[in-house]
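Working notes for the structure below.
The letters A, B and C name the chains in turn, as written, and every chain counts its residues from 1.
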Amino acid sequence: MRFTFPFLAISLEVALIVLFGLFVQYETDQNVAQKLNATRSTKMDRFLPLYPLFQDVHVMIFVGFGFLMTFLKSYGFSAVGINLLIAALGLQWSTIAQGLLHSHGQKFHIGIKNMINADFSTATVLISFGAVLGKTTPIQMLIMTIIEIVFFAGNEYLVGEIFQASDIGASMTIHAFGAYFGLAVAGILYRSGLKNGHEKEDSVYYSDLFAMIGTLFLWIFWPSFNAAIAEPGDEQYRAIVNTYFSLAACVITAYALSSLVQHRGKLDMVHIQNATLAGGVAVGTCANMDIHLFTSMIIGSVAGIVSVLGYKILTPFFATKLMIQDTCGVHNLHGLPGVIGGLASIAAIAMGVPSTSSVAMQAAALGSSIGTAVLGGLITGLILRIPIWEQLPDEYCYDDSVYWKVPEYREYDNRFLLYGYHKQLEPEI
Amino acid sequence: MRFTFPFLAISLEVALIVLFGLFVQYETDQNVAQKLNATRSTKMDRFLPLYPLFQDVHVMIFVGFGFLMTFLKSYGFSAVGINLLIAALGLQWSTIAQGLLHSHGQKFHIGIKNMINADFSTATVLISFGAVLGKTTPIQMLIMTIIEIVFFAGNEYLVGEIFQASDIGASMTIHAFGAYFGLAVAGILYRSGLKNGHEKEDSVYYSDLFAMIGTLFLWIFWPSFNAAIAEPGDEQYRAIVNTYFSLAACVITAYALSSLVQHRGKLDMVHIQNATLAGGVAVGTCANMDIHLFTSMIIGSVAGIVSVLGYKILTPFFATKLMIQDTCGVHNLHGLPGVIGGLASIAAIAMGVPSTSSVAMQAAALGSSIGTAVLGGLITGLILRIPIWEQLPDEYCYDDSVYWKVPEYREYDNRFLLYGYHKQLEPEI
Amino acid sequence: MRFTFPFLAISLEVALIVLFGLFVQYETDQNVAQKLNATRSTKMDRFLPLYPLFQDVHVMIFVGFGFLMTFLKSYGFSAVGINLLIAALGLQWSTIAQGLLHSHGQKFHIGIKNMINADFSTATVLISFGAVLGKTTPIQMLIMTIIEIVFFAGNEYLVGEIFQASDIGASMTIHAFGAYFGLAVAGILYRSGLKNGHEKEDSVYYSDLFAMIGTLFLWIFWPSFNAAIAEPGDEQYRAIVNTYFSLAACVITAYALSSLVQHRGKLDMVHIQNATLAGGVAVGTCANMDIHLFTSMIIGSVAGIVSVLGYKILTPFFATKLMIQDTCGVHNLHGLPGVIGGLASIAAIAMGVPSTSSVAMQAAALGSSIGTAVLGGLITGLILRIPIWEQLPDEYCYDDSVYWKVPEYREYDNRFLLYGYHKQLEPEI
């Protein structure tokens, strides 16, 4: 870490500045009007409708994802801090990667919509980050960010431009993609030393409360996420109300299932923090379609149930049988609900809901998203194992103090430890 | 809890999905235009102005109310978690209840405005939740949500449609209603076993800081709450600025009074967390009226003073003499300031401030809100005492660990407890 | 504190109400139209574009600044609480001070733009508050608020109206001004008793996490801060994208430098909490200019580096050699980056970037901002030392329990202390 990390980070930033200098230009009234074939001034239109939606998404990326991952008792600094680092790098790099892909290598203009797409791209990386949380180094995360965004942009181009598939809330291209990419990386980075768990892979009371900050801001702004790049008017409106009610329904079933599957009917914070959001993921692909509100609620209800069952059954199964250790359970929050989202869109179009896409193209999009993610994740995992990068020893997993200057005491009253107890207790922080 | 809660929750969700299937439809450009008797496209108008205001209110409901109630040292999971559960149920059910009432039993279309109203309705239940916080079961809260929203919708219909009263920020219909409903429930559920307090009915340092997250988001977005359904233009603008300055004035007097009434002039977090918000409640009813800015500031100043005095004097009096144990002091934050709001509107109209309502109608609205709330709260309290629902024993009050899987240790350094001290200390968590 | 604080606070509020009654009026459609020389209805235009931007700024002031300062282990109540008090007073008083200055003593109308400017003014005071955090009394902070806003409004009038300088994101008039004002006050209030540090001038694990709430909301909404009062259209758009990319670049270099300058390459929370924001400050002055996106990224990158180096080198130097104890390091987050912002605008205009200002006027604005701030800060510091105000003894610095009723135990499990240890440990809370 001593010099590699600073050197790598600064080199990346210098490269990004050069790329921005070569390719990225401001949007102006003129080129927006040109793009829209419009003659009237687009001054107001360009800015006003999208900016509040962008800011909602922005809060989700930095506060939502960041705090959601603070649930581990000794990994809060990394959760919220490395989240910020990944996102800041990712949004710059994806501006270049997506921009060049869509402009076919020409200079391009960027506006608020590009900023939303840049934030979206980083969401994909942050989802994958959840799968490997606590088991990687900051350097590995910089590298994963750079590689994953290339695969993401490629798949997004394929799904959107070639297949012309419909995925307004990105259930397939962001959520399923991010989850399966992360699972593939986690599979390659499997640690047999952690198969019996790790003392620090656990929450404490306040770390769970901090995580709820993330959950709530994600939950609240999810309608904006699904509606941000929808067509203004009916489609954008439907994306909002469908997501709102899908999420509300999902909360009810997630609570019900959490209580049902737990010892003595108690609610489990892991489920509440995560499964309550599955409705936002699952309704994503068909959020803008005319599917009826009760259908959204059914999708949300199912997602809540599936997500809790995933945490209860699949996560342990993955860890023990498939040798995939998924720290945050991103498969249950993003993977399965993302697949549900894709399948729901296929069912909807098959049942005659109007769409610009077809059943075949939606299926292709789902397959491509999962396939590209797994392929990209496997490649990335292998690259991250190259011995030139430091690997984190098992005993240092899930521990901020490896990469952060951590306060000597956890709590004010840990001065307690000063009074002769610390020798016998061997405080680790 | 073992099976009743999951069964009840899922049954409610199924019923809601059926009701949505029967009655709720998307808004379309056509039916909005029809409703407004407008010929021009309302595409932009429908969506843009209201959505950011909706999102502000949405943050208040889920983050604001949720975290505000985390001040208890061992009830943070329930505060933020049951808040989410209540709100998710409430917003679905109130969409049906309010929709059917206004459509007289016909199918109805819903848009962003309905989502704002749905969020508003849940605010009422969340206020009442504050009065009984820590003393009820999740099942009881599901039941209270269902019943309270019926009474709320009835009173709201009476106040808005029959009396045609003015209550733009809902000081009467939400705040006073929610508070007196909650007090009535708390009165019926009075626990003599807690009359000398409860070891866990107290805050610790970090629980108070978490609560400030709630306070601040409520404070910040209150202007949006009071302006969300106001007429665009002058009325909406006035609702915003009146609330902004009323809240600012309220902060100053709340701090002054908190220091004045406390031992040795110290500030009390209970007052700062709650009384600083009273100005938003109290200015609610006449927020959109042309009352002059300095009047808003007077209303806010008075509310701040009254609210702190309420905490100091009335809450203990209610608990000991009236046998009403009001956990969060909702009477001081919502009840009294709500009444001040109603009275201020009566005074304003009596003094000639232009309004579509009259003194008599405002008085009727205030009376109806309090009367319906007390009646509804008493009935609800009696229903909640029916022996088929589990009652929470006194010793388990204010304690997450009854209904939540709580981490073994509160803090990382509680591994302390591992070293032989825990037997003599009998850790309760 | 016993009676002085309540008396002072209430007197100030009464005075503000009187001043509002005398001078402040609602904006109406008519006077807005008049102001804009417009004939068409400005109903929608007035409200819609600015309100979401206002709310973003509002979150920054109350949640952003408030939580950013909670990093001290025993000063969280004061950080978030006195922040609220200062801001609530400041926004009322600056409405008057700025309004009277611009109306030349006449009655004036206020709208959303004035609310944004009122929030901006309080930001200045909150920045200065950061420099003296933990070392002053609430009474001193009320007085500083009143005085600083007068100097701020004077300088802002000079810069904007007389010099006609360009400072859209207020790098000079808010950030540099607030920092140098605070440093001057801190210099006058220098405490030799703290030159070897103070046991409580330190963070613990959770206080650092709370501070990240502040950091992230500031980071997220900074584009709104820099764009809030920009001309709609190209300038506002550029203010947003320039700030977005400057901040992203700044994160990368701040992380790199934090690791580089620290023992064993570890990241330091102080840098992450603060230096990641320097890019928002530094790009402020020329955020609306046509400087190219890669230039914004260079500005942000430089600001991130300078800010970390400031924390590492300058803060200790200031404390030991210049006798200026800067608690939050506002010089590194606001002072230096603010100066960079001013210099960047000079360079930009010198190199031909179109602007309504000139090199000379920008230099005058920078000089005036720093000069007025230092002068105002020195005067304020001297006033705060007048013996009629209580001074805080050194041993009570950085300690909430002096002015707040603090929970008996920090943590739930501090019941530990109940079991016979507390005598030997002398718990201080």
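Quick notes on this structure:
Criterion: a contact is a pair of C-beta atoms (placed from the backbone, for glycine too) under 8 Å apart; a residue touches a chain by one contact, two chains touch by 3 or more.
The chain lineup, named per UniProt: A, B, C = Ammonium transporter Rh type A.
This structure is a prediction, so every number in the text was calculated from the model and none was measured.
The rotation that brings the Cα trace of chain B onto that of chain C spans 120°, given to the nearest 5. Copies chain A and chain B of the same chain sequence form an interface built mainly from non-equivalent positions, shared numbers / all numbers used being under half. If you average the CA atoms of chain A and of chain B, the two centres end up 32 Å from each other.
In chain C, the residues that touch at least two other chains are 48, 52, 205-206, 213, 409-412, 414, 416, 429. Only residues 1-3, 5-7, 9-10, 12-13, 16-18, 20-21, 24-29, 43-44, 46-48, 51-52, 55, 58-59, 62-63, 66-67, 70, 76-77, 80-81, 84-85, 88-89, 91-92, 95, 110-112, 115, 138, 205-206, 210, 213, 403-407, 409-416, 419, 429 of chain B touch chain A when the two sit together in their complex. Taken together, the chain C residues at the contact with chain A in this complex read 48-49, 52-53, 56, 73-74, 202-206, 208-209, 212-213, 216-217, 219-221, 224, 232-234, 236-238, 240-241, 244-245, 247-249, 251-253, 255-257, 259-260, 262-269, 272, 276, 290, 292-294, 297-298, 301, 409-412, 414, 416-417, 421, 424-425, 427, 429.
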